[in-house]
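Right after this note come the structures.
Common to both upcoming complexes is chain A, partnered first by chain B, then by chain C.
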Partner chain A sequence: MNIILIIVIVVNIIIALLFSLGAAPILVWVERRVAGFIQDRLGPNRCNIAGFRLGGLIQSFADMLKLVFKEDFRAGAIKEKFVFSIAPVIVFASAFLSYMVMPFADDLVIGSQTFVMQGLPINLGVLWFLAFAGLSIYGIILGGWASNNKYSLLGSIRAGAQVISYEASMTLALISLLITYGSINLVDIVNFQGKLLFGFIPAWGVVMQPLAAIIFIVTAFAEANRTPFDIAEGESEIVGGYHTEYSAMKFGLFFVGEYVAMSASSALIVTLFFGGYNLPWLGTATLKEHFSAIMWIIVVALPLLSFLFGRWIVKNNVWPKTDDIRNKETKWLLRMMVLMNMVIIAILAYFLYSGIGVTGTNIAVAVIQVATFAIKLLLMNFVFVWVRWTLPRFRYDQLQNLGWKVLLPLSIANIFLTALVVVGFGV
Partner chain B sequence: MGIKIVPRYGKSFKDKLYLPAIFAGMKTTMSHFAKNLSDTSNIKTECYPEMKPQDITQRYRGVHRLTHRDDGSVRCVACFMCATACPADCIFIEGKERRDGIDEKMPAVFKIDLLECVFCGGCVEACPCDAIRMDTGIFSFVAKRRKDFVLDKEQLLAHKSFEGEK
Partner chain C sequence: MSSQVFLASSIIVVLVIAIPILFLATGKLGPKNKKQKEKNISYESGVTKSIGNSNNPFSVKFYLVALLFVLFDVEIIFMFPWAVDVRELGWFGIVEMFTFMALLLAGLIYVYKAKALTWQ
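Showing the complex of A and B:
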């Protein structure tokens, strides 16, 4: 054990926590604001701390506090108290743990040591994700059953049937991918996608396996219980589904668990199909080779993007009452943005002047890759939210039809096709 | 009788693929999102306590007011027509003799209980003298005690028409 090892592990765990737990309030906020904008509404924009609204993000923290301080009510009819209490923990913990194998940067080399940039440095990759994504349904089934309520039971039965039928197609779609990539290790998979196809197309999974990409994304929606597959909740038919009887932070854990599961699904989708932490056309080796050019690009692009973003803030971050404390926010945000720009550019200028060294380049590349992964993750989460506010819910029989009669045969056909290509052309 | 044949969708291969329709829907929602994100002033939402509604029309029935004569005195003659027409029994009038020669009778007490009122406008229709109107545009009335919701004659006379006195 040495000091660098401990630092890297701690940093990894912190990044993994930020991506999973820290994502939940941000995703709740994104969900509400995007829903508002899609429906020509504003969404939450009122909550503030000393005038800081951050576009409504503070509302998420207010809601979280509300859930923590609410009365934890449990109906007298509920006899299985232990199962009732453990169910949201299972949902949350399995969603949380399934996140831990997502690589958010290429293997980091410091001196003679190599570090795997994951929350948990294990090589199980996709299998770990599938195991825990499948486990989360136990929480829903147990919660619905222990609630001693017919609506909860209906919701959990629906969720169970749905996840079982869609997990089959999901795994089969994955198998065709694994044939293509030749590995279950997610770092290998992402590095495979860093290569170029025919010399100019990034060899992303979505290009190599478009059918598997569609099947996997659809089943991932079902796996995360998101619209159009959220019949487990089905609030228009069965009250609240499996979490009807839950209140306070027990409900909060279900709620946060859903968002963490959604974020984990998008992380896997990004990793498998959209190049993971790779920038298009810029693999890890290319980044390291031309790193000073990358720094120059950042030095030029950062102020430009900040200027555009600042203009957007000035235009849109207004409050109708002129003497309100919320109107002071824009000024402070702009100041902080200028300060951040100056600090980043000063650091980059120092490195450009003095040279960054091999270890420095490796760490800086890792930072860029984490940022890339975060942006891709946010975009994929946006797609989840976007689809939710576009499509209505499936009817139950339609859902099973789609799962068993369309997606399953397609994914099996895709395996055969992939295997034929791999064996026939020896790719 | 003509027969209108309604086209049935969902049988063609393109419809059965689902994806073209889904992408078309996502395009629509995306266009709304992009429009509203680039300029939030496009959104019609009113930030209510700070922005007051601008679409109150002449026919909107707000809180009542008692109108004035040209000389500024109360127009009401305490004929009890409004109190008789009121389906909620929320108007309480006590009449008295009017001695200034303008008219014969005027209200000594004129109270409206806003918690009882159903804002039907029956009193306005019933009034023979155009003495009571509901054109103040006041849609929100707040008080801490029940009795504060009972408006008396002075309060009713003080209300203005939202378009200015006519």
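Showing the complex of A and C:
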């Protein structure tokens, strides 16, 4: 038990916390702004702290404060008080735990020690995710049942039937992937995807297993109870579904849990199908070998990108009247951006001058891979939001048909095909 | 490796217990409960009298779906180890597993034919 080990573990858990719990307000913001964009309106953009609006991000924190200071009410009609209180905790905890096995970066080598960059460094990977993603349905069913409300009960039964219908197809799609990768350890899976196919295509899951990718993404939407599979909430049919009777932070736990589950599903999709932390064509070894060149690229590209981003802010966030708060915000954002640029370039210039060393290179490569993973995760989350505001809700029988009569046979056929190809051609 | 797992899992267990407790504890910050008769009944579209019991029996279709899920999940549990080791097992593994899957597929076809999954 040494100090580096403890630091690495704490950093890993902090990254996992940031990507799951910390991502929830950002995802709420993304959801609302994208909804505004798709419906040709602005979305939230008025809330501010001393003039700082950050494009409406402050609204998410205002909403969280609002939930904290709401009345924590439990109607007298509710008899099972303990079950009622524990249900949102189960939903949140299972979503949170399912996030913990996502690898953020390749194995980190410091000195003679090797660290696995996962929140919880175990090699169960896929099985751990399936176990805890499946557990969240208990929270939904218990919450809907304990609410003593017919709408809640309907919502939770629908959610249960939906999740178990789609979990079969999800795991079957996963099995064809496991045949390809030959491992359930997520780090092994991501490293497999770092290879090249025919010498020029990255061997990402989406290239190797396109059918499994489609099935898995569709079922992940259903597992996360997102539109078009949100019949469990269905606010136009059954009020609020399973969380009709909840208020204050009990509702907040359901709400945060939903976004954490969405983020966890996106993380698993990115890890399994889109190369995880791998940059295309740039494996860990390549990054380590040419790290000074990458530092030069960052030194050149960062001011250029910041300049373009700053111009975009100035174009969109400046008001003709001089005393408007928008001008103040723009001014401060630009100053902070210039300061950030200067600090990063100063650090990089120092390392370029004095050399970064083996340990430094390893840590810097890990940082680049975490950033890559974060960007991919955000893009996948954007896809979730995009689908939500594009497709209408399924009817229950359509959902059942899609799950049992289309996705299930397709995923079984995919397993037959994959196994025959893998064993027949010996790849 | 093992000490890393132990330390990480103990931190995560503490977090998983502490975060929901923190969230639920914020419920005390809100205004006090005002006892009102209308407020205390379950919210069912604003009808001021809750009609009937909500622990009613529900459609048997959901029960059938749950039964089928258990069936398929058991199948899938057997398939996980095979999927990881399919290269080592080779044709022997393929024949064994495909026989097993064919039996369950026959069951699935029977379920389709019996219209258990058709919503009426």
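As a convention for this text, the second predicted complex is superposed on the first by the 421 of 427 C-alpha atoms of A that agree within 3 Å, B and C clash if a C-alpha of one lies under 4 Å from a C-alpha of the other, contacts with A are read in each partner's own complex, and residues count from 1 in each chain.
Everything that follows uses one rule, which is that contacts are C-beta pairs under 8 Å (C-beta built on N, C-alpha and C of every residue); 3 or more make two chains touch, one makes a residue touch a chain.
The structure presented is a predicted model; accordingly, all values stated were derived computationally and were not measured.
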So if we stack both complexes on chain A, do chain B and chain C clash, or do they fit?
fit
I want to verify the contact counts: of chain B and chain C, which reaches more residues of chain A?
C
Should A:Ile6 be classified as contacting the first partner (chain B), the second (chain C), both, or neither?
second
Once the structures are superposed on A, label A:Gly182 by its partner contacts, choosing first (chain B), second (chain C), both or neither.
second
Using the touch definition from the top, say if A:Asp72 reaches chain B (first), chain C (second), both or neither.
second
Have a look at where A:Val34 lands relative to chain B and chain C in the superposition and call it first, second, both or neither.
first
In the overlay, answer first, second, both or neither for which of chain B and chain C A:Trp319 touches.
first
Using the touch definition from the top, say if A:Leu42 reaches chain B (first), chain C (second), both or neither.
first
In the overlaid three-chain picture, which partner chain does A:Thr390 touch, first (chain B) or second (chain C), both, or neither?
first
Is A:Ala93 contacted by the first partner chain B, the second partner chain C, both or neither?
second
To the nearest 10 degrees, chain B and chain C lie apart, as seen from the C-alpha centre of chain A, by 100
When the two complexes are superposed, chain B comes to within a least CA distance of chain C, in Å, of 18
Within the complex, which stretch of chain A touches chain B?
34, 36-42, 45-46, 214, 312, 315-316, 319-321, 324, 386-387, 389-391
Chain C - residues contacting chain A, complex
1, 3-5, 7-9, 11-12, 15-16, 19-20, 23-24, 26-33, 35, 39-45, 50, 52, 54-56, 58, 61-62, 65-66, 68-69, 72-73, 76, 79-80, 83-87, 90-91, 93-94, 97-98, 101, 105, 108, 112, 117, 119
Per the contact definition, I'd like the list of chain B residues that touch chain A in the complex.
19, 22, 25-26, 28-30, 32-33, 36-45, 47, 50-51
Chain C-facing residues of chain A, complex:
1, 5-6, 8-10, 12-13, 17, 21, 68-73, 75-78, 85, 88-89, 92-93, 96-97, 100, 115-116, 119-122, 127, 145, 147-153, 157, 160-161, 164-165, 167-168, 171-172, 175-176, 178-179, 182-184, 239, 244-245, 248-250, 252-253, 256, 396-397, 400-401, 404-405, 408-409, 412, 415-416, 419-420, 422-423
